[in-house]
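The same subunit A turns up in both complexes below, where it pairs with subunit B and then with subunit C.
Up next, the complex of A and B:
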């Protein structure tokens, strides 16, 4: 315990270790937040997508903060709903059960270009007579403009851009553009800035009848992370990629180093044919092509992250480091305290796991930490080749999606850069910590 | 040469004994070589057989192939109007015959286990056979041709990259160890962790900057389309396509490589005999050459040899990112097509190269380091 505290104190003398530790802490916090805010099942459902999951989101929209770097501000995506209070909803009771509900969606438009589209999603409650809806558009200056009238139905979507009647009335301009222009007849001019209102007045004909509506302005940018070609919010994959990457890296590094160490210890302690067999296995394993075998497992057998993780650990046990550990154990084996242990009758397994292996833990810890980035990038690499886990959202799969859909050709840099930045941070953090640990634990490197 | 002079100045009466030990050295070296070769060969055999088992998924690929044969023959028969007149039984029989012929052609009529040993024999004798679906760009189905066709691009790119990286790391590492503690040294120490990101990852960034954003260099591939007519223009075009991949390859490895070499040299230069040499008043150049470089030579040679043979496997992901027509990408394609002959072919060549290198390294160690005696260190750790 005391050595642990001393190590930690010493670690804080290295700025790179502090940097690494800070980032690792941040990544762990992000993982915890991801797992709590989006439960596992929910994350899978969201990432699988399908009908009704991502309809309200724009396609291939960069994150909203990219506006800071643009001279032409492009519109952000807006959601205003009468159900959650982000839009005003007032009920005007009438006679004979005929009531009027007025929903007003107010938004401030301070952008230089037009939105991609606008839509209203309605959900109505009634038994026989459907409510009647009438939509009007109130620009910052000028008069209200009647947009459309129709019956609500149980669930109704009104996409502005597909209303050809409205388009004709706007001098042939597409509604998501025409509605933002002072005089559509004068042709396309930049949008008028100011506060716009969309007013929906619904007339209901039954006592319990109710209507709720959500107004979506599909911008050209969205949220913190942006969206992909399937309208999915990339925040899901960025958030969930963190625990997946950390878990994969940690488990693989931990499993590999501990197994390698134990096998090296067993090999040296028992010697003889055990040692010979283990050395032969190591030689064979070093000839086997590592990545091609993983690709074969992914292609032929299973792409499940658990299977791949198991294969990675199995293939990484019998490597050159078994030789390194073996060389150290051969020295330790001759130490007097082992002799003493044997003299008082300690069993082989007790000696191996209680006396032999603890001796190389100082050397093991830096190796373990430094091995993590390799495994994190390995997972990303497999996902990049299209062999990622089919259901999990991961960083590598994001890069793969981006590459498949020509993100770099089309200029959707955010799609590649976001997961890449997180991968780099993860890799750097563990590498920096590993380097510092190596200097602390490895006396030959001290001061170098 | 300083440390060998002691051996040369051996007493005269020791000469006859030295002669005797010379002949026994030969025996010892021969016996050691034979044992070593046998054990390496056994390793190659086992690992190639394992690769055969994995590449065939323990026989599962057979079932995939059977399914493919049946489907293609059924399709052929269904499409051919000449068979419309045949009765159902006749059709079935004809189909079964055709399938049997195809299965015999591919050897599927024999159990997989029996065939796996035939595969092993063929692979070990480098009789690589034919591919099922893959062809080389010149149209050959011989696995040898398929592999040889992709070898030059891989050697060109990963070969050049590895060699540049190796020597750059070595010389930068050496010069850093001379100016230990300088700002450049500190910079490399700080930047060493950046090598935790692999080359393909750097590649994505470089493509983003230089191809997508600036448009200066191509996104990938080896030549433009169509390829240039004259040799010079073609070479220049290939060179232009190589800039980004080479840069990615070198960038991803340079800082860690130079850092490792520097630390390695520093550890060796803190040995007592180096201090002794310095105390004797030797110039720092001599100290470096004789007392630092000389003992580190075996390690440097090992690294270099392993770098050279690692080129053979190409770099699957790296070549995929840059769409480089090399062995790595071919191997990836082969796996996607269940083309076991190509997978096994590439593995067996790599296994042989690795075994040969390891065998030769023992002798090279003995040549460059007089302390190493071949076969004389059986009791040692390694």
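Up next, the complex of A and C:
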């Protein structure tokens, strides 16, 4: 414990270690936030997507902050709902159970281009007589413009762009453009800036009848991370990629190092045929191609992250480090205190685990830390090659999606750069920490 | 299985113990037909030059065999049990540290550097008696008091202790399971004279308090005379003399013992300390003659034959002069 504390104290003398630790702490915080804010099942459901999950999101929208670097500000995606209070909803009671509900969606439009689309999503409650909806558009200056009238139905979506009648009334301009122009007949001019209102007045014909509507302005940018070709918010994958990557890296590195160390100790202590068998297995394993075997497992057996993790650990146990550790153990084995332990009747296992292995832990820790990013990258590489767990949102999966959908060709740089930046950051953090630890545990490197 | 024999008031009885090592040049006869016995609460000192088989004898008794063992035969009766007949596992469970413990050579390095010394001393208790950690630690504390280590050192690591303290800790560790016999392999060789004296006083006190038998392996003839009841002298893997310390330290029988004792410097003595010319023979290629003959002052024609062991009561001497 004391040595650990001293190591930590010494570690803080290296700026690179502080930097590395800070990033690791950040990544861990991000993981905890991800797991708490989006529970595992919810993350899987969101990532699977499908009917009704991502309808309100724009397709292939870069993150909103890219506006900062653009001369022309493109519209951000906007959600306004009467159900959660982001839009005004007033009930005007009438006679004979005929009530009027007025929902007003107010938004400030300060962009240089038009949105991709606008939609209204309605949910109505009634038994027989469906409510009647009337939509009008109130530009910053000028008169109200009647958009459409229709019956609500239980669930109704009104996409502005697909209303051909409306398009004709706007001199042939697509409604998501025409509605933002002062005089559509004069042709396509830049959108008018200012506060717009969409007013929906619903007439209900039953006492318990109710209507709620959500207005979505599909912008050309969205949120912190942007969206992909399936309208999925990339934040889900970026957030959930963190715990997956860290867990994979940590478990693989820990599993590999601990097993390697134990097997090397067993090999050395028992010697004889045990040693011979373990060393031959190592020699054979070292010439086996690592990645092709993983690809085979992924293709023919299972792509579950647990199976791949197990295979990675198994294939990484019998590697060169077993020989390195064995060389050290051969030396430690002859130490007087090992003989003393034998003399007082300590069994082989007690000697292996409380006398032999603790001696190489100082050497093990830098190796362990340095091995983590290797496994994080491996997981991303496998996902990129299409061998990632199909259900899990991960960084590698994101890059894989981006590659398959020609992200770079189409200019969706954010799609590749976001996960790549997180991967690089993770690698950097562990590498910097690892180097500092190496310097502490390997005094000969201190002068460098 | 082990054969049971009637107790004859001996804690240890060794008969014809042989341990040879295998090397490329041939078998090294490190322990060559050694027999002696040791009574309860008796201390016996094993003397001899470096490389004469003292440590090998200790290892043979404790069955700490190196990998290149060639021959390992003989009989070792510890209390009533013949330990050579036990399997490795039986030996580990029934003998090591239960009946017989070891303070290894360079005991300063015999402590695990990554365990606290308290845990280390408690370990044999946990291994052999299956007691809880708390009970073992309590016993360890008692042992620390016995050997004169402050009890609060229990939480320290070996590198935080001085050489003398480490030696005491190693001693405490050997005593913690209350064995009948403790083998001390050069317990004081790396310590200063004051600490040596101190440790020997501690050993003496422990021998009286705990009624333990000691086998003390050392080069240090002068200090060992303080503790030993009897002396064993080894030369080239053989025992050349076993004698009571009272007679041994004044009138040793074997010419080698005489030379050995003469090599001890004496305060205000007229003569210089003597040395024995030549070197001990190679243990690989031994002639069928007296092994000490080439260096012996009293050599005569009989010495070309291998001398027998001459028994005079408990005294043994392997020399034609006493035949």
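Note that the second predicted complex is superposed on the first by the 448 of 448 C-alpha atoms of A that agree within 3 Å, B and C clash if a C-alpha of one lies under 4 Å from a C-alpha of the other, contacts with A are read in each partner's own complex, and residues count from 1 in each chain.
The working rule: a contact is a pair of C-beta atoms (placed from the backbone, for glycine too) under 8 Å apart; a residue touches a chain by one contact, two chains touch by 3 or more.
Being a predicted model, the structure only gives us computed values, none of them experimental.
Peer 1: Do subunit B and subunit C fit side by side on subunit A in the superposed arrangement, or is it a clash?
Peer 2: Once both complexes are aligned on subunit A, subunit B and subunit C fit side by side.
Peer 1: By the touch definition at the top of the document, which applies to A:102: first (subunit B), second (subunit C), both, or neither?
Peer 2: neither
Peer 1: Count the residues of subunit A touched by subunit B and by subunit C, then name the partner with the higher count.
Peer 2: B
Peer 1: Just to be sure I read the superposition right, which of the two partners does A:358 touch: subunit B = first, subunit C = second, or both, or neither?
Peer 2: Second partner only.
Peer 1: Check the residue A:384 against both partner chains and state whether it touches subunit B (first), subunit C (second), both, or neither.
Peer 2: In the superposition, A:384 contacts subunit B only.
Peer 1: What angle, rounded to a multiple of 10°, is defined by the Cα centres of subunit B, subunit A and subunit C, with the middle one as vertex?
Peer 2: Taking subunit A as the apex, subunit B and subunit C sit 60 degrees apart.
Peer 1: Counting only touches as set out at the top, which of subunit B and subunit C does A:53 meet: first, second, both, neither?
Peer 2: neither
Peer 1: Just to be sure I read the superposition right, which of the two partners does A:420 touch: subunit B = first, subunit C = second, or both, or neither?
Peer 2: first
Peer 1: Can A:330 be said to touch subunit B (first), subunit C (second), both, or neither?
Peer 2: first
Peer 1: Superposed on chain A, how close does subunit B come to subunit C by Cα atoms? Whole Å, please.
Peer 2: Closest C-alpha pair between subunit B and subunit C: 12 Å.
Peer 1: Provide the residue numbers of subunit C that touch subunit A in the complex, in ascending order.
Peer 2: For this pair, the touching residues of subunit C are 62, 64, 67, 92-93, 95-98, 101-102, 104-107, 109-115, 123-124, 127-128, 170, 173-174, 177.
Peer 1: Give every residue of subunit A touching subunit B within the complex, in rising order.
Peer 2: So the residues of subunit A touching subunit B come out as 16, 280, 283-289, 291-293, 295-297, 299-301, 323, 326-327, 330-331, 370, 373-374, 377, 380-381, 384-385, 399, 408-409, 411, 413, 416-417, 420, 423-424, 427-428, 430-432, 434-435, 444-445, 448.
Peer 1: Where on subunit A is subunit C touching in the complex?
Peer 2: Counting only subunit A, the residues touching subunit C are 271, 335-337, 339-347, 350, 354-355, 358-359, 361.
Peer 1: Quick check: in the complex, which residue numbers of subunit B touch subunit A?
Peer 2: Residues 39-40, 42-44, 46-47, 50-51, 54-55, 57, 60-61, 180, 190, 192-198, 200-201, 204-205, 207-208, 211-213, 219, 263, 266-267, 313, 316-317, 320-321, 331-332, 335-336, 338, 343, 346-347, 350-351, 354-355, 381-382 of subunit B touch subunit A in their complex.
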